[in-house]
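Below are the structure tokens for one structure; questions will follow.
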Amino acid sequence: MTESPHGLSAQLTWRRGALAFDIDLRLPAQGVTALFGPSGAGKSSCLRAIAGLDREATGRVSFGEMVWQDSAQRIFVPTHQRRIGYVFQEASLFAHRDVAGNLDFGYRRAGRPAHLDCDGLIDRFGLRPLLQRRVSGLSGGERQRVAMVRALLSDPALLLFDEPLSALDGAARAELLACLESLHGMLRVPMIYVSHNVDEVARLADHLLLMEAGRVIAQGRLHDTLTRLDLPPALGEALGAVIEGRVVGYDAQDQLIELEFPGGRLWLPHRHESVGQPLRCRIGARDVVLTRAPQSGTSALNQLACRIVDVAAADHPSQLLVQLDAGGCVLLARITRRSWHALGLAPGSEAWAQVKAVALGF
Amino acid sequence: MLTPADLEALGLTLRLAATVTLLLLLLGLPLAWWLAHTRSRWRRPIAAVVALPLVLPPTVLGFYLLMLLGPDGAVGRAFAALGLAALPFTFKGLVVASMLYSLPFVVQPLHNAFEAVGSRPLDVAATLRAGPLDRFFNVALPLAWPGVITAAVLGFAHTVGEFGVVLMIGGNIPGQTRVLSMRIYDHVQAGEYHQANVLSLCLLVVSFAALLAMSLLRSREPARD
Amino acid sequence: MMRRLWQGLLILGSAFASVTLAATPEQQITVAAAADLHQALDAVIVAYRQAHPDTRVDVTYGSSGNLLTQIEQGAPFELFFSADSDYPQQLLAHGKAGGTPVPYAFGHLVMWSASIDMKGVQLADLAQPKFGRIAIANPQHAPYGKRAEQALRAAGIWNRVQARLVFGDNIAQTAQFAQSGNAQVGLVAESLVIDTSVKGSFVAVPSSMYQPLKQSFVLTQRGSKNPLAQDFANYVQSAPAKAILQRYGFELPNDTVH
């Protein structure tokens, strides 16, 4: 496949209070890119600058062939002329219009394009019974769903979602995440998805942008980036492999499913999956136990044969991060130095990665 | 009970209040919008100037206007040079004076309303392809509607009750500047207490009705479009 | 801290009380006077105080009708100098007077302009457009205003100049309209323009054209209890005071036959 033309390209600098921002990112024209980082890293500011909502940033922003901002040439395309769909952290629906009115706001201004399946989107997100309701009568989850469809109906060329699930409680969040997962497949426009929750990132993202203190410190494909050893300690907890596989088995009695991927097979708790469907699974580094030989009599259901590729210090002096190769798939394990030395491990050694089934699945 | 002269004064008063309210809304909406959104260092001084008529005695305002608009004042001379009729003692002059006098009563509620709307709905509208005027008319104004009602009613009621400024710059001319409050004052000075009473009651009823209307209009939902 | 606060308030309060109590009405006269007397009465008071240095005379100037209303509603004036004789008569009729009205002067109506030379101008000439706006006091209640209307009617131009009239709340405001130039000409009290620093010229309106402005004063009920008030009233009718009033263009009651 020929390389798709660039999606968003942004090189911007600005100051906000004590924080100096320096952004340099290039995103593919397709797929979901997660903008991930700790709170205060400046993710929302970055998104707003890309959208053109805050004009303090200087530099260059282009999307495909369109130049949205070029400070050197004094070009600045205002937000309403960039075809963006933005979803804010708190839904921000228009209080003076009902749900239908909100949905129609961008749709009408986009010229009600025929290629947008308006009814399909409304039904897919379960908004049909809500259309005549006032905004004040909606729950948090309902509001965010309206906000998302509203953004989609404005016929955007780029989607910007700013932590849309952060303000929701568990049940609403799970429901909406499932919505977004299903949306992912049919999206034809790229999306930047800001989050500080690694599970959301693992489920939705194809690419990852890591931010810390106003800077992009890493960008790349999701799996590659989360299994790097050179990332700052602040991201320590997020590290781990995100593998993609297919559900090949289902044990109804034990309520477990079997996932097959290049590195082997994994058992994990059955939630809503069905046999044959593709599935992502995150293997957190802290959930991986290393052994020199395969074990029996252990409660951990999963063992994968690996070869140690590399090792680096973790954020805590007692620990190390070990990069493993399982059938071509990179995994990450976090173990103590003591164990590393006690087991006599070294790059190149064979090892077995034990993963609790309970730790897997979302 | 109400003589033709009284009715004339009443009609004049209502006409003055309506004209002033309309003009102040037209002037006040962009001004309040600017005050709510600008980050210019002129914001505070201009807001203070807008608030000035709140604390200035109306007679002071009337006095300065009389000097300014008179034949020796800067504005009066400019008018004469342009061949325009002088403003003191005319309905137009009263409109100008009343606009200054009632300015904060219209601009401040609008300012507060726009600030309460905040920038989030406007950001949202921008991402939904709405340009600046579009955002103002279809998002900011409907959301600020209770503030607009307040501004209109307060401006109207305040102008109806105006006296000090009218006394200084009106000239008490029937049909032109002899508003209801002047008429009441004249009746009192002439010892005609009964007429003064009737007209005062009139003024009270008008003001009360205006405030009641404001309360009723505000309790409804923000305007739908 | 609270005790200090209370102590402070107590001291402040007693100081305030002593100051106000010290200003007893013993050596004070409160006068209400028509607006046209402003400069003339001030001069009379100055002369009075030279003879009575311990007495304070507080004057409030205003429109006669307004002052009457205030006195009837209990305003603490002891003497009421009106611009006519009807208002003091009303005070007596309503039982609020402390004596009978006494005429003290006759006022005169003049035409005054800041911009136009009034020499040789007749009242009927005001119909000419060059006189623009004509300021008169409100005929509804101001004595000078009533006289102005009478004069304009007598000149036969009342209907013609209706649209150009500007009404001052009292004769002083009327003069101010004319003196600021906002009205091109004003029918004002001679006493207000005879000794003014404002640049302008004036000419008398013939007395035959209006009812005489017989100005009377009356003692109020409150004033009847203050011997100083009567004393001042007597002074106003004495020779030195009369001389001052004459200087300000007033005619005196004994001089002409009315």
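Per-chain residue numbering starts at 1, and chain names A, B and C are given in the order in which the chains are listed.
Convention: a residue touches a chain if its C-beta (ideal position, glycine included) is under 8 Å from a C-beta of that chain, and two chains touch if they have at least 3 such contacts.
Remember, predicted model here, so these are calculated numbers, not experimental data.
J.: Using mean Cα positions, find the chain sitting nearest the overall protein centre.
T.: Centroid comparison flags B as closest.
J.: Please indicate which chain is farthest from chain A, where distance is taken between mean Cα coordinates of the chains.
T.: C
J.: Measure off the straight-line distance from the CA centroid of chain A to the CA centroid of chain C, and report it in whole Å.
T.: Inter-chain centre distance comes to 88 Å.
J.: Would you mind pulling out the distance in Å between where the CA atoms of chain B average out and where those of chain C do?
T.: Once rounded, the distance between the two centres reads 35 Å.
J.: Counting only Cα atoms for the centres, state how far chain A is from chain B in Å.
T.: Their C-alpha centroids are separated by 55 Å.
J.: Residue numbers of chain B touching chain C in their complex, please.
T.: 66-67, 70-72, 86, 88-89, 167, 171-173, 178, 185-186, 188-191
J.: Per the contact definition, I'd like the list of chain B residues that touch chain A in the complex.
T.: Listed in rising order, the residues are 120-121, 123-131, 134-135, 139, 142-143, 145, 221-225.
J.: For chain C, which residues count as touching chain B in their complex?
T.: 63, 65-66, 68-69, 90, 115, 133, 135, 138, 140-142, 165-169, 177, 180-183
J.: Can you tell me which positions in chain A touch chain B when the two form their complex?
T.: Residues 51, 53, 78-81, 83-86, 88, 92, 94-97, 101, 105-106, 109-110, 134, 150-151, 154, 160.
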